[in-house]
Amino acid sequence: MDSAAIVGVGMTAIEKNKIRDGFADMVWEAVNLALDDAGMTIDDIDNVVTTSNDFWDGRTISCMAVSDASGAREKNVSCVEGDGTFGAFYGLTRILSGSYGTTLVTAHSKGSESVSSLITNAAFDPIYQRAIGMDMVSACAMQANAYMHRSRTTPEQLARVSVKNHGNARHNPKAQLPMAITVEEVLASEMICDPLHKLDCSPVSDGCCAMIIAAKDRVGTAAKPPVWIKGAAFCADAFHLGDRDLSRAAALTRAAKKAFDMAGITDPATQVHVAELYDAFTYQELMWLEAMGLCADNQAGHLLEAGVFDIDGTLPVNASGGLLSGHPVIAAGLIRMAEVVRQLRGEAGGAQAKDPTVGVAQGVNGLCGQSHCVWVLSAES
Amino acid sequence: MSDTEHVIIESGAARQPFNYAVGLHGSRFLQELRDHRRFMAVKCPRCAKVYIPPRRVCGACFVEMDEFVEVGPQGTIGTFTILRYAFIDPETGVQKPVPYGYGFIRLDGADTLFQHYIDIQDESRVKIGARVEPVFADERKGTVKDIRCFRIID
Amino acid sequence: MGKQRVAIVGTGQTFHKSHRPDVNGQELINEAVGRALVDADLTIRDIDAIVIGNMDHFEGINYVDCWSVDGSGGFMKPVIKLTTGGTTGSTLAIGGYHMVASGLFDRVLVIGWEKNSESDTTGAITTAFDPVWDRLVFAGAISGLAAEAQAYMARYSATDRDGARVSVRDRKHACNNPYTQLRKEVTVDEVLASPMLADPIHLLDVCPRSDGACAVIMAGEHIAEKITATPDWIWATANRHTYTYLGDANFGRLDSLAAASREIYAKAGIREPAKEIGVIELYQPYSFAGIMWIEDLGLTGYGQGAEFVWSGATDMDGEIPINPSGGVIACNPIGATGLIRCAEAALQIMGKAEGHQVPDVDLALSTGFGGCFWSDILLHGRRKPDF
Amino acid sequence: MNNSLKHIEPMVHHSQINVPYTWWAGDTAGRFLKTLRDEQTIMGTRCNHCARVTVPPRKTCPTCFTENQTWTAVSDQGTVVAFSVARRQLAALVKKVPVIFALIRLDGADTALLHTISQVDPAEVTIGMRVRACFSKDAGATIMAISHFVPTN
């Protein structure tokens, strides 16, 4: 697939609490950065897709807050609820349908404004589950246990993900938590929910990302070389955690296979050069790597220890610092895509992988990775 | 077990607290209202439209705005209704007493309307185009409720 | 893979009611999905992707796309959620269109739903408005609409009898639609005698609260005609959002609908919409909109909407029947409502509207409206579009 | 940032969303919950197509998407397939920490039920552990009619 490309990306700094900024302020900043990046003005944008979540934003029809700031006035605009990768997917279809030549996609969230435990508790079924009192952390901790039990992954290996990603974030001026830490420090940090320590969990964050996707015949007008969309797919698993094999991400496996098939990739572990994955918790990076076929089953922990996923490894993973270093939900997946774009353009500075031409990005919706969206991007058409 | 009994699950005391950032444009407005009983609107540098409440971006022009202009405090009723059915205010969980006036005020000098309550002591005087002035709350805290309502002055 | 034309090949609705204690939300969704699959003679295995939406704070469930897979059939399929408030249903239809038109999917299931009986509707609607500027003094959706009607009446000297005439029309049409909620004829005098909610809106001028779901199956052009002999071709889609804060609205006009409809007419080469379009399913949450918004749609000149409605032109046997289904005034499961308009327009094109069928419809229009003055439009045709 | 706003103190509006919900359980979940309350029995549904027994029950088989289901009682004992132990008192938690959350596959069921385990040292909980349900008479027809699970010995 070579019909569309990413021609501009922009993101705010990821911070704990952007007290000066409302949603529109963040979107305005990210959109203007994306337009500058693309060498475009708002008049070059044919349509807009904003991405937000009514629960996180504390507002029904949360997208209303950002329609002016995203330049959607007098344009066709739509609003996806969920991770930004899903917003980008809808934006892509609006180009492939032939209706529009360019789509501006935004995704924003301010975790600082709400109580995330209550927001994610509301994702549990109100009749069968909610009163039990779970949230995203306690659910994912359960999945971490199931994954570790099956794959024999150790707490030290989980901690190593945190060490790597916080360390990588030191090269990313927009990251919230750049840190030089040790495995021992991760394991000594507060136990939030067994087996997840505080440093196994991503922080609460504010941030916004914007992206401009263009049809093939419009990429020539952009300021920078296009990053081509070679494959994109998404898939949802069962809702009830007890209906799934929680130690595996079957929906991710399916979405990744479809995206790789579209891109003509037969051996992702060798043909992908850089990956930005949804590491909301340390175990997720390892579990998603295996589920996507970026490494063999039960091997992610060992390969991590061998340095394969370091910036100078053979498959750098979350060279940006990942979500562990800043996690504005909803924007999170779109930021992963933007970071892959930066890598493929050679703009990642100290986090730059060596000459990558193919990268993957992933976004997640729902509890314990129920629904995934996978993007395969390439510097080459 | 009764087959006709429909089971209901209730949310009970569950609620979601929020700390909404007002933004700097809005903060300036609320502080002027609280401290000086002044209405500060913002003017678009391109189309010259005067917006209240002030906001950062003119949606029509896609430009940032930073020229504040004082508007009001008097204005005219742009449109209105008189609410006669009661509902639960989701913020307080309590019903507001009805009837009450609810309208959109065109403050002198502003191009957009300002939503608020309208005093309806004499319903016959409440009409589109009627002149109004704000009635301020005794204790002002920096919210739009620092205005109690608008009252008819002609 | 490649872009392709899109048609609706099946629709399904629940029997919309004030409350459905016998089913949870997933099961409600499932009823509509099941009927749409039967209508298209497909199984869930034939569906490539699902587009779903509602308004979160009506049911208090986060990540509904994920939660609903038991009912939607989304297990191990691509599922995406779109939400734009009152326009959600029509936004979903536009989303389904692009998903199929992109060539990435051939058969897409579009689902809109709401169980309004599970929350305080006005309380939940209030959460849709800006927490700092609008929410503190917001007086419910009906008050906003009432302010719009007041502005229109002042500008064009319309009366509450004009509004009542629209309610009489839609409530009469609803009697022919077994799926809708309120099926009782009323007179103009009965509308005017019903309790005043917010001047000038009486109880019988507005929509009820509803539980309901609607599902629509869209297919790419190379298979649509194999699925049904009478596909409903989607000719064009358009939308506009103009809201920033409530006080920004141009009260008395729906600028977003005017702009979106002009885009549609330009795409399809329509010059005289009232003559060229056969039927309209208008997202009309209260009666006065039935006068005002047909002017914004260009069916008649500004200030002439009431006269147009009184002439009978929008009745079932008129020049351009509006809301043969009974419209939103007869039932309003909000997240489904816009999609119901789309499904009803499809039924008219496909000739499946039974008791409320308008004869020989070649072109139909369905719209969506959001409480913040947003508009969506889809143009449906019996003939495959040649553009 | 422009000059006119340089010295403005950013404000935060403290608020809440306080909309009450009354969810209809529906006939299927309603029967499950009433049976819990009235008979302290855990019911599932067996799909007549794929033969999987789903607990909690569903009107439609989640995998086959058919309504062809038979009600069947499952055991109140089962096996832990996943668990976590909440140590920090996050807002959603109803009970005081530590709270042990678990997915429990009841004997006779093919899917696992989400609930809590009590009366055990969290350090002793393992995947594969056997547990049984304890019922509560005060919780009405809710999922808390199972108050928690305990180890079987």
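Each chain gets a letter, A, B, C and D, in the order it is written, and its residues are counted from 1.
Convention: contacts are C-beta pairs under 8 Å (C-beta built on N, C-alpha and C of every residue); 3 or more make two chains touch, one makes a residue touch a chain.
Worth saying up front: this structure is predicted, and the values here are computed from it rather than measured.
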Chains contacting each of chain A and chain D, listed by label: B, C
Inter-chain pair with the most contacting C-beta pairs: A-C
Centroid distance [mean C-alpha coordinates] between chain C and chain B, Å: 29
Chain centre separation in whole Å, for chain D relative to chain C (CA means): 36
Geometric centre distance via CA averages, chain D-chain B, whole Å: 42
Per-residue overlap in chain D, given as positions that touch at least 2 other chains: 10, 12-13, 15, 17-26, 29, 33, 62-63, 142
Set of chain C residues in contact with two or more other chains: 21-22, 24, 57, 59-60, 69-70, 75, 120, 123-124, 127, 131-132, 135, 242, 244
Residues of chain A engaged with two or more neighbouring chains: 19-20, 55, 58, 67-68, 72-74, 115, 118-120, 122, 126-127, 131, 238-240
Of all residues in chain C, those that touch chain A in their complex: 1, 3, 24, 53, 55-63, 65-70, 74-85, 91, 94-95, 97-99, 101-104, 124-125, 127-131, 237-244, 259, 263, 370, 372
Contact footprint of chain A on chain B as seen in their complex: 9, 11, 14, 16-24, 26, 55-60, 62, 64
Residues on chain A engaged by chain C in the complex (per definition of touch): 1, 53-55, 58-61, 63-65, 67-68, 72-74, 76-82, 86, 89-90, 92-99, 119-120, 122-123, 125-127, 233-240, 250-251, 254-255, 365-367, 370-371
Parts of chain A lying in touch with chain D, wherever the complex brings them together: 19-20, 58, 115, 117-118, 120-121, 126-129, 131-135, 137-139, 141-146, 149, 190-196, 238-243, 246-247
Chain A - residues contacting chain B, complex: 18-22, 24-25, 28, 42, 55, 58, 67-69, 71-74, 110, 112-115, 118-119, 122, 126-127, 131
